[in-house]
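Alright, structures below, take your time with them.
Two complexes, one shared chain (subunit A), two partners (subunit B, subunit C).
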Partner chain A sequence: MKKFINTLREIWKYPSAVFGMIIVLALLVAAVVVVVKIPYSEAIDTWRGGEEVYGKNPRNVPPTWYNWFRKDKLVESLDMNEGDEGVTIEEIVTEGGTPIKTTTFEFDFQYDTFPQDLVFYFTSTFDTKQPFVSVKIFTPDEREIKVGSFAIGATHTYPLKQDEKLRKKLGGVVPNIGIFIQENDETQTPVKGIYRLVVESITFEEGSTVQSEFVLTGQVFGWAGTDHLRRDLSLPLLWGIPVAMAFGLLAAIGTSVLTMAIAAIGTWYGGIVDGIIQRITEINLVLPFLSILIMIGTFYSRSIWVILGATIALSIFTGGIKSYRSMFIQVKESTYIEAARAYGAKNGRIIFRYLIPRVIPLLLPGLVSAVPSFVFLEASLALLGIGDPVLPTWGKMINDAYANAAIYRGWYYWILEPAVLLMITGLGFASLGFALDRIFNPRLRGM
Partner chain B sequence: MGSVTENVTPAVEKKKSASSNTLTRVLKYSGVRLFSLFITVVIGVYLTILIANMGGYVDQMMKAEIQERITMQIAMNPAFKTMDPATKNKLTQEKIASEIERLNLDQPMVIRSFHFLKNALTLNLGRALHMTSVAGSRSVRQIITEKLPYTLLLMASSQLILFFSTVFLALALSRKYGSFWDKVIITLSPTSSVPAWFYGIFLILIFAAVLKILPFGGVIDAPVPKDFLGRTLSVLKHLILPASSLIISTFFISIYNWRTFFLIYSSEDYVELAKAKGLPSRDVERRYILRPTLPTIITSFALLLIGIWTGAIITETVFQWPGLGRETYKAIGLYDTPVIVGITIIYAYLLAITVFLLDFVYALVDPRVKIGGGSSK
Partner chain C sequence: MAEKTLLRVEDLKLYFQTSHGDVQAVDGVNFSLPENKAVVVIGESGCGKTSMAKALLRLLPRNAGTYSGKVLLNGVDIMAMDDEQYRKDVRWVKMSMVPQAAMNSLNPVMRVKDQVSEPMIVHSAVSKEFALEQARIMFQRVGVPVDFLNRYAFELSGGMRQRVAIAMSLVTVPELVILDEPTSALDVLTQANIMNLLKGIKKEFATSFILITHDVATASEIADYVEVMYAGQIVEFGDAYRFFTEPLHPYSEKLMASIPRLRSTSKLDFITGQPPSLINPPTGCRFADRCHKRFAKCSEEPPTVNIDGRSVKCWLYQ
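After this line comes the complex of A and B, so read on.
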């Protein structure tokens, strides 16, 4: 315990280590929180969900905070349901006895760009006679646009952008723009102010109802933006944390612990055992590491756990085994080992109780520094298209972005968000590992 | 590749032997070493063959593919339209059997894998299953030699710049450690945890997408410039981004490693003595620091040279650079075993030869090292 506190005190002297440690701790906490808040199955169902999950999001738009840095504000998305603020409902019955329900959606439009689309979603209940709906828009410059009137089924989606009649009415301008500009306006600037959308629904049966919802898909969305399938990118960004942590840490721990144990066994028994280990290391040097991982991903299984296992198996017998060997050779000659042998300790006891504990402090820096390479390995494999098929990860986000030519089309947020997170993770672990190396490795002290 | 290799310890107090003894010792050592390296290559390549064939699963896929192709061919051929179904079926089966025999697929995988191994070891690389070279050849040798110049250009330019600049900068830094630049390098060295392709994406974003001064990828402009100078300049322009991303990704850690390595050697007593004697710092560096570190420098340079061969799979893919790395990736995607094995075997041979030669180089540059003398490890 005292040793631990001393180490902490030592770490405190290195600002980069403190920086690294804060990042690593923050990431670990975030990983746990994400897994608890968004359970695995829920995350995958949401990520793999289709139109019903993401249909109301805009397509390929940057995050909301883009507006902080812009003078001409981009339109934020809006989703208004009955009962929300800005929605008023009025129900009257005409003299003839037909009930008319008027739903008014009111929103303040203070942007300099146009929304991607305006969509109405209607749901209704009836037996035989379909309810009838008519939509009008009142703009701040006191135009009244009759959008359309139609009968609706049990569910009805009405995207304004695709209404050709409305387009003609607006002088040939696409409705998502035409509604917001004055007629014959050359400047193409939207009129700012309060817009009112009035939906009048008439039902013809006892107990028949109509519910309406209005969605304005904007030019920015959420804190992470959306991708080509309208999916909210905050999910892969968040779920990328536990995946990256799990993959990086498990691979690093698995590799370094196994490498150390095998090096210890090899040095202790010497002779044939040691020889075999050395030969395996040499053979492993010949094997093309990345190619084999890609082959396993393409041929056998793309599950992240299979890849993890293969990564560990291929990373055990590498240069690390040689440096552990040279450490163990020194330790093997120590007098306390001799004492253990003298009292008749068994081989296993000497290896795991005396040899390995001695070298464990030296394990830590290597382990921490190895994490980034494995985190990036997952991203690299995903970039090559052999990432885990179900999990949303940072690497898969970059892969999606790449496959959809995000860089060429200027959707920079799509690549930059996961890239920055990967970079922060990598730098955090690397700085911590670096400082630990200087603390635990006396030869480097003061250098 | 690790920059610090194991020091081959000199024989501890061995009786001096005559020169003829030295020759037999060297020969015996070389023989044993060559044999063990060869076995290593054989096993490594055999494992690669097994993995690349998915333990025989690729065979089944190929058989299914042949079956489908020939059945379709006969069904679609108007010449066979009037044939009665029984004869048609027989013809199909015969054709399938002969095609399977032609590709040796009727033999079990174990036997075929040894065939592959023999061909690979004798550098008889054979023909690719699906891939063709740009010239249209199926020969694996053609495919590899066609892509090799691009990989060599990219890797050699970046790795050589990287190696020499980092070693010299590190030497300069080790002279005045603790200085401002030294601290900068130490602070920046964690940036090397980020792989090259990652910097590549950032560089593409900055220089190609935003500033629009360098190309996104590829190797030459289209249309290709007519004169030689134009072509050279165009290739160089395309080389800048991939090469710099490869350099940036290992630049700082490389300087840091070399600097630490030189520092450890320059704190030896004999260096202190040389300084105390008043030798100029150039001489101290050359005779007392560089000389004992030479084996390590040579090792790392040799490993760098063979590393050039494999190319950079992901960086080449990101930059659409038509090199061997990208070719390997394509070959894997197409289950093209001969190409994968071909690239692996050449790397394995190069590695084995380098490792073998390094032992002799050590003996040449370091008088303390004796070939085959004492504990070989």
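After this line comes the complex of A and C, so read on.
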């Protein structure tokens, strides 16, 4: 415990290490919080859900904070339900006894671009006679646009953009633009101000109701943006954290510990045991690591846990065996090891109580520095298309972006967000690892 | 009083294999040691003293070649045991060792109390608490302050580390302790303290010692017997008192003459040349080339002659 505190105190001397440790701790905390808040099954279901989950999101739009850096503000998405602020409901009954429900959606439009679409969602209850709705739009420049009148079923989606009649009415301009500009405006600047959308619904039966919802799909969404399937990218960004941490840490710990133990055993017994371990290492060193993983991913299983196991198995017999062996050979000849042999300590005891503790200080920095390489490996595999098909991860996100030519089409956020997170992870672990190396590696002390 | 023989070594051989040929580090060593006695092994560097100690404890290096002979401990031939039985029954149970450079023989990542209790835990099914208690008692006995128990080896001075190493060799109360140069890197005062400590322990625990040293003067304090080794062989073995007053072998004479004495004006002597290579030792007497009493017969293998209980390997006494 005292030693641990001393180590912490030493770390404090290196600002880069403090920086790295803050990042690492933040990532670990975030990983735990994410897993608790969004359980695995929920995350998978949401991520793999279709229109019913993401239908009201805009498609391929950058995150909201894009607006902070722009002069011409992008339209933010809007979802208004009955009962929300800006929605007023008025119910009257005509002399003929027909109830009319007037729902007014009012919103302040202060943007310099046009929304992706304006969509009404109607839900109604009736026995035989369908309710009837008519929609009107009042613009700030005091135009009144009669959008349309139609009978609705139990559920009815009405995207204004696809309404050809409305398009003609607006002089051939696509409605999501036409509604917001003045007639024959060549510059196509949207009119700013309060827009009012009035929905009049008439029901013809006792007990028949109409609920309406208005969605304005904008040009920005959430803090992470959306992808080609309108999915909110915050989910893979968040869930990428626990996946990356689990993969990176498990792989790094698994490989480092096993490498060290095997190197110790080989060095201690020497002879044929050592020979076999060294030959396996040499063969493994010339085997193409990534190609083998790609083959496993292609022909056997793309589960992240299978890939993790294969990664650990293939990473055990690598250069680490050689460098640990060189240290163990030195330690093995120490007098105190001979003393231990003299007082009758068994081989296992000598390996695990005498040899390995001596080298553990050197294991720690290596382990920490190895984490990002495994995090990147997982991302690389996903990018190459053999990532876990189910899990939303950073690599999967980059893969999707790549498959949809994100850079070519200017959807930089799609690639940059996971890339920045990967870089921060790498930076955090690397700066912590380098500092630990300086603290624990006697040869670097005082440098 | 009839003395019971504790250790009997017959024709012990230990050769090391090298690319130039076999190094005959221990070449046919014979001696016996009664109970509760100390034998001091002296000789130049590289004449096989440490190798003999390692051969006795079967701590063979990887390149060990020939390893033969008989070692009878309490009449049991321990050379005939297999490794596991040897580990269980001999090491530290009957015979322990304070290795050369005992200061480095402590595990740097273990607290000294754990280190000292380690042999007990390894050998007998004692609880950790009991072992630690024994370690504490042993620390008090060898004069290490009890508050040092929680320290690591590097936090101790050389003399203290030596004491810890000695404590470690004694925790299992073996009958024979081999001390390999226990005082070589210590100052004179500490050397004297350690020797006094060993004397006390010898009395108290009735242990026997094999003490390997270059330092004849310090060794004379505790020695009951002296064994002079040269080029892998024992050239003289005998009672300490008579050895120090009148060494028999020419090599022993020269060794004794090289030691400064308090009340003597004689010039210190030295031995010319170097010990022979142990890969191809000269035929006949191995000391012949450097011997001041050399004569024709010395080119033949000298016999071991017994003179009133002392044995010497030299043609002079034939």
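Rule of thumb we're sticking to: the second predicted complex is superposed on the first by the 445 of 447 C-alpha atoms of A that agree within 3 Å, B and C clash if a C-alpha of one lies under 4 Å from a C-alpha of the other, contacts with A are read in each partner's own complex, and residues count from 1 in each chain.
Following the convention adopted for this analysis, a residue touches a chain if its C-beta (ideal position, glycine included) is under 8 Å from a C-beta of that chain, and two chains touch if they have at least 3 such contacts.
Keep in mind that this is a model prediction, so the values were computed, not measured.
Asks: Given the superposition on chain A, which partner contacts more residues in subunit A: subunit B or subunit C?
Replies: Of the two chains, more subunit A residues are contacted by B.
Asks: Could you say whether A:Ala345 touches subunit B, subunit C, both of them, or neither, answering first, second, both or neither?
Replies: second
Asks: Considering only the touch criterion stated at the top, classify A:Arg9 as touching first (subunit B), second (subunit C), both, or neither.
Replies: Neither: A:Arg9 stays clear of subunit B and subunit C.
Asks: I'd like to know which partner A:Arg358 touches here: subunit B for first, subunit C for second, both or neither.
Replies: In the superposition, A:Arg358 contacts subunit C only.
Asks: Touch check for A:Lys71: first (subunit B), second (subunit C), both, or neither?
Replies: neither
Asks: Where on subunit A is subunit C touching in the complex?
Replies: Per the touch definition, subunit A meets subunit C at residues 270, 334-336, 338-346, 349, 353-354, 357-358.
Asks: Please output the residues of subunit A touching subunit B within their complex, sorted ascending.
Replies: For this pair, the touching residues of subunit A are 16, 20, 278-279, 282-288, 290-292, 294-296, 298-300, 319, 322, 326, 369, 372-373, 376, 379-380, 383-384, 398, 402, 407-408, 410, 412, 415-416, 419, 422-423, 426-427, 429-431, 433-434, 443-444, 447.
Asks: Residues of subunit C touching subunit A in their complex?
Replies: 57, 59, 62, 87-88, 91-93, 96-97, 99-102, 104-110, 118-119, 122-123, 165, 168, 172
Asks: If we count contacts the way the header does, which residues on subunit B are in touch with subunit A in the complex?
Replies: Residues 1-2, 6, 36-37, 39-41, 43-45, 47-48, 51-52, 54, 57-58, 177, 187, 189-195, 197-198, 201-202, 204-205, 208-209, 216, 260, 263-264, 310, 313-314, 317-318, 328-329, 332-333, 335, 340, 343-344, 347-348, 351-352, 377 of subunit B touch subunit A in their complex.
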